[in-house]
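Read the structure below first, then the notes.
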Amino acid sequence: MNEIKTALVISAHSADFVWRCGGAIALHRSLGYKVTVVCLSFGERGESAKLWKQEGMTLEAVKKARRIEAENAAKALDLSDIRFFDLGDYPLELDREAKHRLVDVIREVQPAFMLSHSQYDPYNTDHMYTTQVALETRMIAQAWGHNPGQKVLGAPQLYLFEPHQTEQMGWKPDTFLDITPVWERKRAAIECMAGQEHLWEYYTRVAQQRANHFKRNSGGQSGGRDCKYAEAFQSVFPRTVDEL
Amino acid sequence: MNEIKTALVISAHSADFVWRCGGAIALHRSLGYKVTVVCLSFGERGESAKLWKQEGMTLEAVKKARRIEAENAAKALDLSDIRFFDLGDYPLELDREAKHRLVDVIREVQPAFMLSHSQYDPYNTDHMYTTQVALETRMIAQAWGHNPGQKVLGAPQLYLFEPHQTEQMGWKPDTFLDITPVWERKRAAIECMAGQEHLWEYYTRVAQQRANHFKRNSGGQSGGRDCKYAEAFQSVFPRTVDEL
Amino acid sequence: MNEIKTALVISAHSADFVWRCGGAIALHRSLGYKVTVVCLSFGERGESAKLWKQEGMTLEAVKKARRIEAENAAKALDLSDIRFFDLGDYPLELDREAKHRLVDVIREVQPAFMLSHSQYDPYNTDHMYTTQVALETRMIAQAWGHNPGQKVLGAPQLYLFEPHQTEQMGWKPDTFLDITPVWERKRAAIECMAGQEHLWEYYTRVAQQRANHFKRNSGGQSGGRDCKYAEAFQSVFPRTVDEL
Amino acid sequence: MNEIKTALVISAHSADFVWRCGGAIALHRSLGYKVTVVCLSFGERGESAKLWKQEGMTLEAVKKARRIEAENAAKALDLSDIRFFDLGDYPLELDREAKHRLVDVIREVQPAFMLSHSQYDPYNTDHMYTTQVALETRMIAQAWGHNPGQKVLGAPQLYLFEPHQTEQMGWKPDTFLDITPVWERKRAAIECMAGQEHLWEYYTRVAQQRANHFKRNSGGQSGGRDCKYAEAFQSVFPRTVDEL
Amino acid sequence: MNEIKTALVISAHSADFVWRCGGAIALHRSLGYKVTVVCLSFGERGESAKLWKQEGMTLEAVKKARRIEAENAAKALDLSDIRFFDLGDYPLELDREAKHRLVDVIREVQPAFMLSHSQYDPYNTDHMYTTQVALETRMIAQAWGHNPGQKVLGAPQLYLFEPHQTEQMGWKPDTFLDITPVWERKRAAIECMAGQEHLWEYYTRVAQQRANHFKRNSGGQSGGRDCKYAEAFQSVFPRTVDEL
Amino acid sequence: MNEIKTALVISAHSADFVWRCGGAIALHRSLGYKVTVVCLSFGERGESAKLWKQEGMTLEAVKKARRIEAENAAKALDLSDIRFFDLGDYPLELDREAKHRLVDVIREVQPAFMLSHSQYDPYNTDHMYTTQVALETRMIAQAWGHNPGQKVLGAPQLYLFEPHQTEQMGWKPDTFLDITPVWERKRAAIECMAGQEHLWEYYTRVAQQRANHFKRNSGGQSGGRDCKYAEAFQSVFPRTVDEL
């Protein structure tokens, strides 16, 4: 089948997709995937401290600034399909209508795989809520009786991208992705996040550490494949394979 | 690289490899893999009840009968390399020499992946002990200072095959393998286990149930690939990939 | 005391009680229990794929068909008290009024034990939501200040019946129930589910596998009691006993 | 800095703070802390059985009685700042306005540490819901964009105080606090709970058992510090220290 | 069948059985069970601090004193079959011969249920080692090929009795046993432990707290059965039942 | 009391203490602690790949080189008490005599706290074995009957230092230590590890990432204390405190 493959990222706040799976996005773009990112909120209240420290800042101005940063980052990642649901943050909440809007996107995209947050996060309840919604809307998208006539969803993997302070979240990666070929794109996207410059080096180091783990698991000191930058993911569902 | 790929099964007792990964063995044989099975014991004390119920049975006679069954099963699976360590069972114990013997096999085989038991089994401590030894010997095989000059091991995945009463073992499969193409071989191997005829249908049903799970995870009612027989595995180590 | 003993099943969708605890229902009916089943929804959107594939299907028609199937299954299980809350599915949601309606049933029934879904289910968030509601309404039913004057609830066990793909749900059974005496009833109930004929054999095999586990845990090869069909359950609360 | 240190307790029902952290409150008061307790409800429906057993009891009368008990207990603990949100119990629910009200208190108090319930409680869903809200409101209080201009919250520890039947809640204490110096205050507060006299001795024994654990962990039979009464807590977040 | 039922306790040190399951022993004795206790060691090195603080104490004298205490406690519990393996403690270690000796006892007793320690105990590795050995020897006792001709073991439950500091051990009780009818016997047995008088009240309180839990789980404030003293246990294996 | 405080590190291989707790060692030295490091082996077989790749290398030469590196690192950390048990690695095994030798050191040192590896490590069974031995020997050191007359051990905390690939080890840090003041010492010690130069930057980044976590947990964007380098630890035992 020469259909175009697709992927869907569900991001609680508008910057999460950059730090946590920007490499996966750029890499799959380079592999020909169509990638869609849904930002449920702009992180305007909770993840824009630097902006709020400016005199006279308003909610609309923060949202606008965050949107521009996210759009620029998307461009850097060669991502054209980014959608802002603007649902508010801290706390993020989806009513039935918002969930159906997300189901519509899932069905439209028909992703080969999905990406979202860890299932537990005591520091940031928006993150774990987003994953709960991702599971719920994935299920609705699979229902033949939801908007009958639409194409129902298959059973895409849901990968949980790397949270901050992984051990506190009970997140355990089972998949390391080599993002070396697209690292420059990810770094460029990271640098679009002007408001969080203190994190640029932090997430560069994350990618370097994960590259070390990639090498250990691909063979270690006995033929492990080289890798300079990587991202890590936890799968929610089992894989189905024809070869181990 | 057109090297032949290899796989290694470490089986506590001489019948375990048949019930638990006979499909994986036959399938990878059909894919051109060289597969090696090490049976650490014959299960002569603990897994040969039917034989022991015969008048005048001796330990040697049980071991011989079990060996013949295992060899026949191996043939049915198109497996030529099966090795019997004859270390005794209930309890199984490996001294340093026996561990080194196993390390030698690991280095000789240089497996692309390994297969063994679950990490916890309150019903059968031989099983969990075997996995502990599999991890320990995998580590020794990676050591440059163990028998310097030998080719050291890379970082093969260790898959844990399906135990009996999975939930009691804390075993959670993350990989379902379609064994439909080789099912007849696995069933034939199962039928070599004359002493455990009561389990033939049990393990046939296991394969059918896992096929149902395969389908659910490959797309469910919306395009899930058909599958009639499957086996399930839990990975110990993360995967390294170039595409999610 | 020669009071009639009672049991209550809380089922997210109208077919769940058949596959997952039809044997327990029929068995306790045969023991003289009064059993009540509450179906919170018909599973009309998410669990009726076959019906929706028919031309011109409507939500009402699906619900009607599902209701008839459930009522027929109930009859097959000798169950006369089945109640349809018709709250919608995918997603299922209970507002305060719906919860109070469920509390009313719990208090009316005064169950010796309750049955519901597993506590985690990433495939089906309706299932885990139902169990959360079961715990919440059980608690409300115990409150002396909720509808004062009504008889308050004691502390019935909540058994979690077997989910699909048990290991993915983190569900671990601690109780195996022999349903051999009522198997024909359960099979008859299963066959009322015309829309899910592909699952008849699947759930028959589940019962056969659980019977094997029953035997292993009741004595194994040394006097284990025979059992041909069983169901498995996980207890939420500890038991109080006068003999181990 | 000679600022007054502060602590905040979030209690689902109006008596929880007495049984579960009355010692911590009295002790930190004696250390000069300003302590604030928020009672989200009076536990009027679910935790006032004795009152409801009285003829002609009304919801308002129960709430009033519970409030007086709590205020008396507060006095016994030398606690002057106790706030009743009166949000109803069994089930307890906070809408956005109630959450913002709680955020306001958190920001006003700027606690050095917070105290609330265990994260899981199948017996009492109000308890685990309260902790979920505690995490969510702690997060909102940290957001620079929530009521900009207010002083945002730092990163106070959230201690989970001891639930009933600890093992069923998956609660594991990592911190034992010696409350011997203030035990008389805690006991006096406990005795303000006229409606639950059957629990006075129970919670006295809890404190004695925890004192035994304190001693074991402070040195045991080789110099463990004496302690007659203690309370136990589980930390949600890691500590930051300058000495191990 | 009017066979006498039997039970077997495997105790790491000679006093463990008293504190942790003295009630279960006395109760089952009163129910007509034959109960056997195996003390693998006397706890002579690690659990006899008070004796060692006496001038001129020797290992033999400690063992003798501990043996007398245990025998007296056994008498108080109406237990006549107590066996001392005298294998040494801190650390306790069983070689193959000692394990076979224990297997012999298991087969001789043919217990309806077994009792031993928690599976994890970072304070006392003898305890968790004992449980590991209990599982291993239970397995060997089930093997038809171990001492063929002997009666093989069925599948007795293994109950894990209550450790000190339960939450640190990851121990979660699922069974509460009412020991009120035999409490005086347990208390008398406890008072035989002259060397650990500081623990008499501690374990009396444990029994009282567990009685409170018994009541909560048998019906709570709505008809919960009264209970003054109880013991708690965790089951390793699932139960097989004919009624939920 | 103006006694000198002490700490003890139990390191499986001779370089582990440098990467994993070199900062804690140097910091506590600067605080006046006497610190002792026990290297159970040199890591001569399993952690000296670079040396073994040299022509004509021998086991003795590797051990010597590793010892010199470790001694130099110790000096860099201002650590004078480093002891090499030379027990061999891959696999590391301690017989009773070796364990008693370790107990002797524990009693001699009387540590205020101990440091060792994570409790689970499927990549390196020497690491988890070492922690098991650390717990066992800590217990023996507490026994009044082990070498009566010696000063018995109290109840020091056992901190588990950071393993490689933390999430795979099930290791969760609860304590972050600021090592900024001694970072230059740790970096100097790291640079003594000539054979593992590829890890210098890796472990520098680990310290930088942990510093970020330190800041988040000490107050985040609202007054979090600055920190440039940190180490993380998991506690095995609960803390006993006089203030939360």
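A, B, C, D, E and F label the chains in the order they appear, each numbered from 1.
By definition in this document, contacts are C-beta pairs under 8 Å (C-beta built on N, C-alpha and C of every residue); 3 or more make two chains touch, one makes a residue touch a chain.
Model, not experiment: these values are computed from the prediction.
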item: Partner chains that chain C and chain E have in common; value: B, D
item: Topological distance between chain B and chain E, in contact steps; value: 1
item: When chain B is superposed on chain F by its C-alpha atoms, the rotation angle in degrees, nearest 5; value: 120
item: Most distant chain from chain F by Cα centroid; value: C
item: Same-site or different-site touching of chain D by its copy chain F, using the half cut; value: same
item: Chain D and chain E, separation of their C-alpha mean positions in angstrom; value: 36
item: CA centroid of chain B to CA centroid of chain D, Å; value: 52
item: Numbers and ranges of chain E residues touching at least 2 other chains; value: 49, 123, 142, 144, 168, 173, 213, 216, 221, 237-238
item: Chain-level touch network, classified as line, ring, star, complete or other; value: other
item: Every chain pair meeting the contact rule; value: A-B, A-C, A-D, A-F, B-C, B-E, B-F, C-D, C-E, D-E, D-F, E-F
item: Chain A-facing residues of chain B, complex; value: 7, 24, 27-28, 31, 113, 142, 144, 151-155, 157, 159, 173-178, 213-214, 216-225, 227, 232-233, 235, 237-244
item: Chain E-touching residues of chain F, taken from the complex the two chains share; value: 96, 99, 132, 135-136, 139-140, 142-146, 148, 158, 236-238
item: Chain C contact footprint on chain D (complex, rising order); value: 44-46, 48-49, 52-53, 57, 59, 62, 89-91, 93, 122-126, 168
item: Footprint of chain B on chain C - complex, ascending; value: 49, 123, 164-168, 170-173, 201-202, 205-206, 208-209, 212-213, 216, 221
